[in-house]
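In the part that follows, the structures are each spelled out as C-alpha cells.
Consider the two complexes below, in which chain A is the common component and chain B and chain C are the respective partners.
Our next item is the complex of A and B:
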C-alpha cells in the first residue's frame, strides 16, 4: 500500500507544480510554438489547401505520423511554416518543393515520380495486367 | 518457482511439437497408422502446455514479481490490474508467447474437432502445424525467453508505455493474433492436402471454418485497432497507412480473397490451385506482418524492442516457411487436376474478379509498405504514405465494391448478361441518384464515388433476399448479406468523414466559446485530476447544439512510470456523427489550446466493421450447422 500512497503523493506534487507553472504566466523554458502552429488561417480555402498539404508531409522526428497529426514541436513548427507560406500566396506544390529541397524526399508521403520511384507507381498497373492474364485461364471459352 | 515452471512448460511444449512433427512424418511416409494415431493427443497436450506457460506469465505480471526481467522492464506495481494482466503481452517476449499459445490451442482444437477430413490429410495438417510451432518455440527459447530472471531483483518496474495503458490492449492483440494464427491453420490444411494429394471440395469444406474464424477475428482486430488509434492519438485520424496497420490489413485482404475462393472450391470444385496459393499467401502475410512488427525494422508503439538478432531469426523463419510452402506448391501443383471451368459472366466469374482485385490491392499495399525499407537499404530515404495508397488502391477498391454489388446476383456456371442488367437496375439507380444528389455538395472525387457506390452496394447487398422465403433462406446467405452491407456502411462512414469533417483549432480563455460544425464549445475551466497511476489537467467543456448541452472532459495526462504525457480526447457521439475534443498546451497568457472536430457519420466506419464480423459469424454458424446436419443424415443413410 505504501507504494500506492507515495505514488499518489508524487502525482499530487506533479499537479501542484503544473498548476503553479501554468498559473499567470507559464514559465516554459522552451520557446512557445509559432503562431500558426495551432491556429487556422482565416481564409477557409487557403486553410483547406494548407491542411491537405500538411497531411502529406511527414513529421521527421515522429513514428510514422504526418505533421497534421503530431504533437511534436518540430511538426508544430512545420505546420506554422506551411500556413505562413500558403497565406503569403504560395502554391502547395511550391511549398512542397521547397521542403523537399531542404529535407529530401523523406519529408513527403507522396513520392514524386523519378528514376527511383517509377517501379512503385508502375506496380498497380502491372499487377492488374498480370492478374487479368492469370484469371483468363480459369474461364471456359464460350461455346454455343 | 513460477517462472521456472513456465520455462519448463515452454520447453516441454516445444519438445512435444518436435514429437508431433516426427510422428506425423513417420505416420505418413511409412504408413504407420499406429504412430499417426498418437498425433492428435500430442497436439492437444502441446496446446495445453503452451497455455499453461502463458497463464504462468500472466500470474507473474499480476503479482508484480520483480525478480523476472520481463516484468521489471514492462510493468510497475502501481499499475491498474487490467494493465498488469494485459501488459503480459504488451511487450515483445510476452506477445510472442501469446502467439504460440494461440497457435498451440488452435492445433489442439483441430485435433479435437476436425472429423470430416481423411485421417492421413489431418495428420499431415497437424504435422505442418507442428513445424510452424517448432520455429516459434525455438525463437522464444533461444532469443526471447519471457521467463528470464533478474538478479538481484529490482525494487520496482519501469512501467508500461502509457499509450498502451488502455482497455484496447486487453482486446486488440489477442484478437489480431487469433486471426493470424487462424490463417496458419488454413495454411497447414493446404500443406496437408498437398502432401496427401487431396485437394478438392472435402478439403475446402474442412478449411473454410478456420478461414472464417481467422477472418472474423482479423476484421474485429483491425476495427478495434482503428478505433483505439482514433481516440487515443488525439488528432481524429482513424487510418494512417502506417506500416504496422498495413501489416494487419494485408492478411485481411488475403483472407478475404481466400474466403471467397474456398467457397468456389467447396461448392463448385473450381479454383483449386488458386485456393491453395491464396492459403500460402495469407499465411505469408501474417508472417510478414509479424516480421515487420517484431523485428524492430519499423519504429512504432507496436515495435517494442529493436534487436537485429531477433529480426534475423524471424526473417529466417519467414524464408523457411514461405520458401518451403512455395517449393511444395511447385512440386505438387502439377498433380492437382484443373477444377471445373466456367463462363466469365457467372458467380464464379464475379468471385474471380473479387480475387483478382483483392490480390492487386494486397500487392499495392505490400509494395508500398516494403518500398521505403528496400530503398533505405540502398541508402535512399523516401516515404510512401496516404497519398500513394489512396491514389493507387482507392480506385481499385471502388471497382471491387462494384463487383461486390453485382457478384452475388449472378448465377453459378453461366449467366445471361441481359438478365443480369435487369437484376442490377435498382442498385444502379440508387448509385446514380446518390451521385447526382452529391453534386450539390461536391465532396471531392474519391468521397463522391465512395458515397455513390456505397448507396448502390447497400441496395444490392440485400437484393439476394428479394423474392425469397426469408425463413428458409440459409443462415450463411444472411451472413453474406450482412457482411456486404457492412462494407457499404463502413465505406459511407469513411467517405463522409474525409469529405465533411470540420476542424477548429483555437486558443481560448475560461468562459470563451468556439464553434465547430453544429456545436458551440465553451471552456468552463481547467482543474487537476489524479488517477491510479497518472495525474492530469482536465478541461471542463460544455458542448451546445440547439437546446442540448453536454459536458465533456478531455485531459492532458502525465504518467510517472515511464515519464510521458498523453492527450485523452473526449468524444460526444450523436446519431449523425461525433464531436471530438482535445485539450492542448497553455499559451502562457491564460489561454488553452483546444482542438475540435465535427465528424459527420464517422461512427459508421466501425459500426460497418462490426457488421462485417457479425456477417462472418452468421456464415460460420450456418455452415457448421449445415455440415453437422448432413453428417447426421449420412450416418442415417
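Our next item is the complex of A and C:
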C-alpha cells in the first residue's frame, strides 16, 4: 500500500514537474544577430563613442536597462544599428535623434529639456536653493 | 510661522504618500508607442520572404488605398493568436502586407501553412532595420497606413476580437 502510495506520489511529482518546470516554447528569432550586435568596431575611437552612446539608450524590451547591458534580441539589433551608423561616420547625436524620432524621448536616458522634462532639470537647483535657505536661517540662529 | 513648521513635515509626508499611492494604484504605462504615427513611412525596400509572393517596399503604400502593415515572425507566439483575426480583416477586403522579423523562408512558409496567409506581400527584415525605422518595439505590431503612405494608427501586441472594430474604422477614415 505504502509502495503504491509512494509510486503515485512520484508520478504526481513528475507530472507537476512537467507541468510547471518545462520552459515555454522559446520566442527567439530564428536568425543569428547582426554582425555588429556583439562585435566591436575595429576603430577604437569609434567603438568608444558607439559604446558611450549605447549606454545612454534604453532597451525597449527590458526597460530598466541600456542597450549596452541588455541581452534582449531587440537590444542586439539596436547595438548593431548604432555601431553601423557610427562606423559610417554619423555623430552620436544624430543617431540618438534618429531613434528619438522613432520612439520618442523614452528611448534616451539623456532627456532633452522640454515642456515635459523641465522639472528634472529645475528640481535639483530648486532643492539646493531651499537647502541653502534652511542652512542660512539655522546658522543665523546659532550665532545669535 | 511656528504653526507652519509644526505641520510642514506631516504635509510633506501626505504629499509623498499620495505620490506613491497613485503609482501603486495606477501603474505606469510601459508600452512604447511609435513616434511615427502621423508621419510618412520611412523609405525601405525589403526582399521577398517566400517564393511566389513579392517583397515589400514603402512605395507600395502610396497606391491610394489604405493598407495594414503587420510586423510579425514565425517564432512569435502571440502572432499565432492574431492570425485568425488578420484572416478576418482580409475577408473584409482590407489589404494586408507584412514584415517578417529575423526569419527564414522555410519557417515563414510553415507558419503560413499552419495559421493561414492573409498577406499580399511579405518583406524579409533580417536585422530588424525596418522595424526600428518604424518605431516598432516588438512583434506583433500592426500599422494602419493611408493611401499616401502616412502611418495613421499603431496597434501594439496581437490583434484581438475587440480591436477589429477600431482597425476597420481607422481604415475607413483613412480612405
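We adopt the following convention: the second predicted complex is superposed on the first by the 109 of 144 C-alpha atoms of A that agree within 3 Å, B and C clash if a C-alpha of one lies under 4 Å from a C-alpha of the other, contacts with A are read in each partner's own complex, and residues count from 1 in each chain.
The rule is short, and it goes like this: a residue touches a chain if its C-beta (ideal position, glycine included) is under 8 Å from a C-beta of that chain, and two chains touch if they have at least 3 such contacts.
Predicted, not measured: the structure shown is a model, and the values here were computed from it.
J.: First (chain B), second (chain C), both or neither: which does A:68 touch?
T.: first
J.: Is A:101 contacted by the first partner chain B, the second partner chain C, both or neither?
T.: second
J.: A:40 in the overlay: touching chain B, chain C, both, or neither? Say first, second, both or neither.
T.: First partner only, chain B.
J.: Considering only touches as defined above, state whether A:127 meets chain B (first), chain C (second), both or neither.
T.: first
J.: Check whether chain B or chain C contacts more residues of chain A in the superposed model.
T.: Between chain B and chain C, B touches the greater number of residues in chain A.
J.: Give me the intersection of chain A's contacts with chain B and its contacts with chain C, in residue numbers.
T.: Touching chain B and chain C on chain A: residues 24-26, 28, 63, 104, 106-107.
J.: Once bound in the complex, which stretches of chain A touch chain B?
T.: 3-4, 7-8, 10-12, 14-16, 18-19, 22, 24-26, 28, 32-33, 38-40, 51, 55-56, 58, 63-66, 68-71, 104-111, 116-117, 120-121, 123-124, 127-128, 131-132, 134-135, 138-140, 142
J.: Once bound in the complex, which stretches of chain C touch chain A?
T.: 30, 32-36, 73-77, 101-104, 107, 126-129, 131-135, 137-138
J.: Could you list, by residue number, the parts of chain A that touch chain C in their complex?
T.: 24-31, 34, 60-61, 63, 73-74, 77-78, 80-81, 99-104, 106-107
J.: Quick one: in the complex, what on chain B touches chain A?
T.: Contacts found on chain B: 77-78, 156, 233-237, 240, 242-244, 270-271, 274, 298-301, 341-344, 348-349, 352-353, 355-357, 359-360, 363-364, 367-368, 371, 375, 380-388, 392-393, 396, 503-507, 528-531, 533-537, 558, 560, 567, 584-590, 593, 595.
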